[in-house]
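Common to both upcoming complexes is chain A, partnered first by chain B, then by chain C.
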Partner chain A sequence: MKVFRKLLVVTIALLGVVSPCYAEKIVLEGSTTVLPIAQKVAEVYMQKDNNAYISVRGGGSGVGIASLIDGTCDIADSSRSIKDTELDNAVTRGKSIKAHVIAMDGIAVIVNSANKVNALSKKQVKDIYTGKISNWSQVGGDYQKIVVVSRDTSSGTFEAFGELALDKQKIRPDAVMQASNQAVASTVARTPGAIGYVGLGFLSDEVKALEIDGVMPSKETVLNSKYPIGRPLFMYTNGEPKGLAKEIIDFIKSPEGQKLVDEEGFVALK
Partner chain B sequence: MLIQINRGKPIACRASYLRIMNKIRERIYQWGFTILAFASLVFLVGIVIVLFREALPIFKKVKVLEFLLGKFWYPTYEPPEFGILPLILASLWVSAGAMLICIPLGVGSALYLNELASTRQKALLKPLVEILASIPSIVYGFFGMAILAPYLQNLLHLPIGLCAFTASLTLGIMATPTVCSIAEDALSYVPRSFREASFAVGANRWQTLVKVVIPAAGSGISTAIILGMSRAIGETMTVLMVAGGAAVIPKSFFEPVRPMTAAIAAEMGEAPMGSNHYHALFAIALILFLITFIFNIIAEVISRRYRLKLGLAG
Partner chain C sequence: MRRGWKTFVLFLALTFASGVCLAGEIDILLQKLVDKGVLTAGEAQEIKTETREQVKKEIAQGKYSSLPQWVQNIKLKGDLRLRYQYKHEKATGDYEKDTNIGRVRMRLGLESKINEKLLAGIGIATGSGDPRSTNISFGDYNTKKTVVLDYAYAKYMPLSWLNFVGGKMLLGDTLWEPTDLIWDTDITPEGAIFQFSKNLDSQMQTFINAGALIVDDDTSTDNDAPMAYLVQPGINYKFNDNLSLKGAISLQAFQNVKSHTSSSYSGASNTGNATAGSSSYTYNYEMINPAFEFKVIQPFKAVGLDVESLKLFGEYVNNLDVSTKASGFSAGFQFGNEKIEKWGDWQFRYLYAMLGKDAVLDVLPDSDRYGGKTAMRSHEAALSFGLGKNTYLALDAYRSERVGMAKAPETLVQLDWNMKF
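Moving on to the complex of A and B:
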């Protein structure tokens, strides 16, 4: 009898531990660019709704979309639009992918703050990154070798930059590859002859952003599409979002969510 | 006559029972340790099978020679290019540089520790060297990236501090304790009688060291060097952070390079499973495995040859 009572106590205690697992749980995975927004939104939302459990992971746009198709995440964060191959893959698995634009992001071209150059044309940026221009003197700067800094070839920012700024041409093979926006910014800050590119949220006083085709990268110029290297940021769901996933996406698109987007350094959708 | 003990079990019966139990226990131990001994073999075979299985599909798309000697690594473009010559050369280049630093440093400090250091110095220095070996590679990476690279950039007026030279320097420092520790062990295993015999025929300390002790410890020292080299070529985190990551055939020590390990680490997370890029990264891992495998064979051959020469074989 004593044993039975003990068992009962343990069972009740276990139920107490396990029951939060019945709270609704979703996983957001994907782009490291979208990660700060996703994290902030998850934090704020979980404070508002105690029953919601939101897990946020990075990994990259491609990983997020692959997980969504595999069914291991509920919302895929992506800094690029979904590729045809990924769509085909989703269709063969019987999934229909739905896109939600949650914010805008501009990719700023940055140089060391000691660099004399303040502006480049989009074509000059392309020529620098594809290897036609190798010295700052060719674009009105000092006689100094250009050190081209880029994100790794598999990052979403790299793909977006490749499409928006390089017209999908190959980046010069001697470009220095860095694993994060932050690493690109700090490499450019330390290297006098460097040029790099980062999301608008990663601009700081340590580096100088360049005017492209006469337009400074800023929230306004990205939103009104005057700045040539801008892009929408996406969240993808499998079919129309339901339950917690729908609430999260609605929350991000709401004025309160867009304020968080703005606070994280991205461009809110008005 | 039967003496009754333990709930009336006859003693003769109990003795044979114990004997059988002992035999069974012995068998269990024997099998247990046999399984443990063969476990590493199972892991090795498993890893090799997976490497080959995941790597071979890429060679249906790209010819082996094109893969090995191709000069451009553009795995995510359409059409992709899978040429890993720049990555192989970067790995060899960076490891060769690291060897130039860690062989003199490691073997030199091993000689000092073994021949010249007082007991007190040795008691202090050897554990310190071993602590250096236990520092995680990411710490070396931070050190190289945040301190060494900017310093070298200013000192040598380089366009960028993240380059093969910085990576070699960091890896060299990293591999030094491995080389030092194993080389010192090898030197201390040289039998005392060798030195005594050498002194007895009138050789001085330097002659004894160069003509007797170093050759006698030669197999151990070369093993130390090869293990250091394996550590350098297989090291990932440090080169990912410090080498710069440009997939270009290195023309000098002061250019950014992309060693094989760095390419795998940077790209594996984003390569969709089963894609050509994924298989190509496995193929790089396979090549890396074959390179370290060859190193190990060379180490084995060298150490055996030395042993035979000294008559220590068998």
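Moving on to the complex of A and C:
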């Protein structure tokens, strides 16, 4: 009996020593659009739970989903829906990809604040970006050349804008390509005649957001899908999430997590 | 209460969606629940989107689950090429010859996943056994044409950064070569290769290909059969989304070739490498080969031209076993669409190549460039144009001549209709 008690004491002591040393680690990888949400959530969650270690990487939606299928990350961040080819690849490799919508993102079409155009149709946006319309006078503005500003081709925002606003047509080759939403907004703010597109969280007084098909971009119009250039943001897991991955997904979807989503400039679901 | 409604709506949505198509009704139902204050707009959006994703996944799973597992593990691929070829040869004196021929190339391959870490690939192709060609010429009174084993290999992938390939392999699994200066792209080398690759960061990838190839198993004239030993370290560096550079330097040592009888597809009959007597090679071929490829996406954007990509590439080769006529090089460019995938896609390619008489083993280089001989220089220009999905036309022209002897120029023009499946 004494031996049993000694063993019990030693076991409890060992558990006490070992358990604080054990840190569960997960990797989040993918969309640069979702990156600020993932980074903020990881930072806050690791402060709350000392045993959690969350590594966050960018690389783009495609990179994240490929890593999830390869098994080199636990959660894939994506600013677009998984492609059929990616799903086929996952299924043939025995993976069951589970989608979690964590927020919405509206892509606002912006112009220089001096521009007198306040509204465009989605078709006019497409014609401007594909080169059919090249002067503001063709859409009710002053006689001024349109300077088209776009995100670079590797960004999730570029891909989403191409699908949602351009019907996958190519952007005119003389478009000014920028590496971030902030750079697009700054370029449009200082270039008369410029048009650009940014996530809703990057709108400021320095640029003017346009009504598209009669709807202004706002949290409400993005959530109810009335604004035509909006998209959900995803986190994908391999099957139902477990352990720390489940805790992170649950945390993001909680009111506290959705508050962080809102603070990062995206549209919270709650 | 809201949680209960969410579960109920999700159940309905899944039921409707799997029964085909009632997505519109689901949207209306969700909107009514939002209007009545049962769900928030965000909750409705979450249910709608996650349901669509779930349905997409179930369709993908259903597509595959209806097939037996062994079929799911096999990928089939192949292509068919119909060719018209014109060749004009000029030799010393007044000798001139024009040849017009029709050819066909068929390749059919399958790749089977044995398990998560092991693949097997098998391919057959038209051909007569020539290691550098899978073409068969029409004629000979409509004789049936032969099909041969093109490749048969196993690929073991124990780690994300390490592969092992063995068997009669695809050239792309053996070495990285941006041009066909040394290796005709139809060659399927025989032996074993280790492939190491590692992403150092988001911009730089390093790789090493290393292994041994069996060149010939005939030991009737000597005891040591020729072998080739390869090592090729390289890097792939991405400056930004639009600029990248890939470079490698390889040592390709073909040993025990010296004094060995040459291949019937090269050697004395090909008047390529130096030979002793009628057909035995005079030298070994220990080739050092630096190579590079520089790629620019949208290179002419500044001047308003919509050209998808531009590549500049080149190779140099020197046979360390020989002191004269031992080097060669190629330099070229390609612009247009990176891949020919649909109607209107196009691509133009130009390559200049020169090979000294003993720069490379003469059973290796591109067989269309002066018949695959060494001691030659050549200009090649090729234009490809997409006719539709998986089919394109290509016009390829070579102007070649000998170096170090009478020029004997040759013009070769090939018009190809390619179909992939």
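Keep this in mind: the second predicted complex is superposed on the first by the 248 of 270 C-alpha atoms of A that agree within 3 Å, B and C clash if a C-alpha of one lies under 4 Å from a C-alpha of the other, contacts with A are read in each partner's own complex, and residues count from 1 in each chain.
The definition used in the following text is that a residue touches a chain if its C-beta (ideal position, glycine included) is under 8 Å from a C-beta of that chain, and two chains touch if they have at least 3 such contacts.
As the structure is a computational prediction, the values presented were derived from the model and not from experiment.
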Room on chain A for both chain B and chain C (clash or fit): clash
Chain B versus chain C as contact partner of A:K242, first or second or both or neither: neither
First (chain B), second (chain C), both or neither touched by A:K48: neither
Which superposed partner A:L269 touches (first chain B, second chain C, both, neither): second
First, second, both or neither for A:K123, with chain B first and chain C second: neither
First (chain B), second (chain C), both or neither touched by A:T191: first
First (chain B), second (chain C), both or neither touched by A:A66: first
Broader residue contact with chain A after superposition on the shared chain, chain B or chain C: C
Partner chain in contact with A:M104 - chain B first, chain C second, else both or neither: second
Partner chain(s) touched by A:L223 [first = chain B, second = chain C, both, neither]: second
Partner chain in contact with A:T92 - chain B first, chain C second, else both or neither: second
Segment of chain C that clashes with chain B, given the candidates 238-246, 274-282, 364-372 or 400-408: 238-246
Shared chain A contacts, counted only where both chain B and chain C touch the same residue: 59, 152-154, 170, 173-174
Touching residues (chain side chain B, partner chain A) in the complex: 72-78, 86, 149-150, 153, 159-162, 240, 244-248, 255-256, 258, 266-267, 269-273, 277
Footprint of chain C on chain A - complex, ascending: 59, 70, 72, 81-82, 84, 87-88, 90-93, 96-101, 104, 152-154, 170, 173-174, 220, 223-225, 232, 234, 267-270
Chain A partner contacts - residues on chain C that touch it in the complex: 31, 34, 40-46, 49-50, 52-54, 56-57, 60-61, 63-64, 72-73, 113, 116, 160, 202, 241, 297-298, 300-301, 304-306
Chain A to chain B touching residues, read off their complex: 59-60, 62-63, 66, 145, 147, 152-155, 159, 168, 170, 173-179, 187, 190-191, 193-194
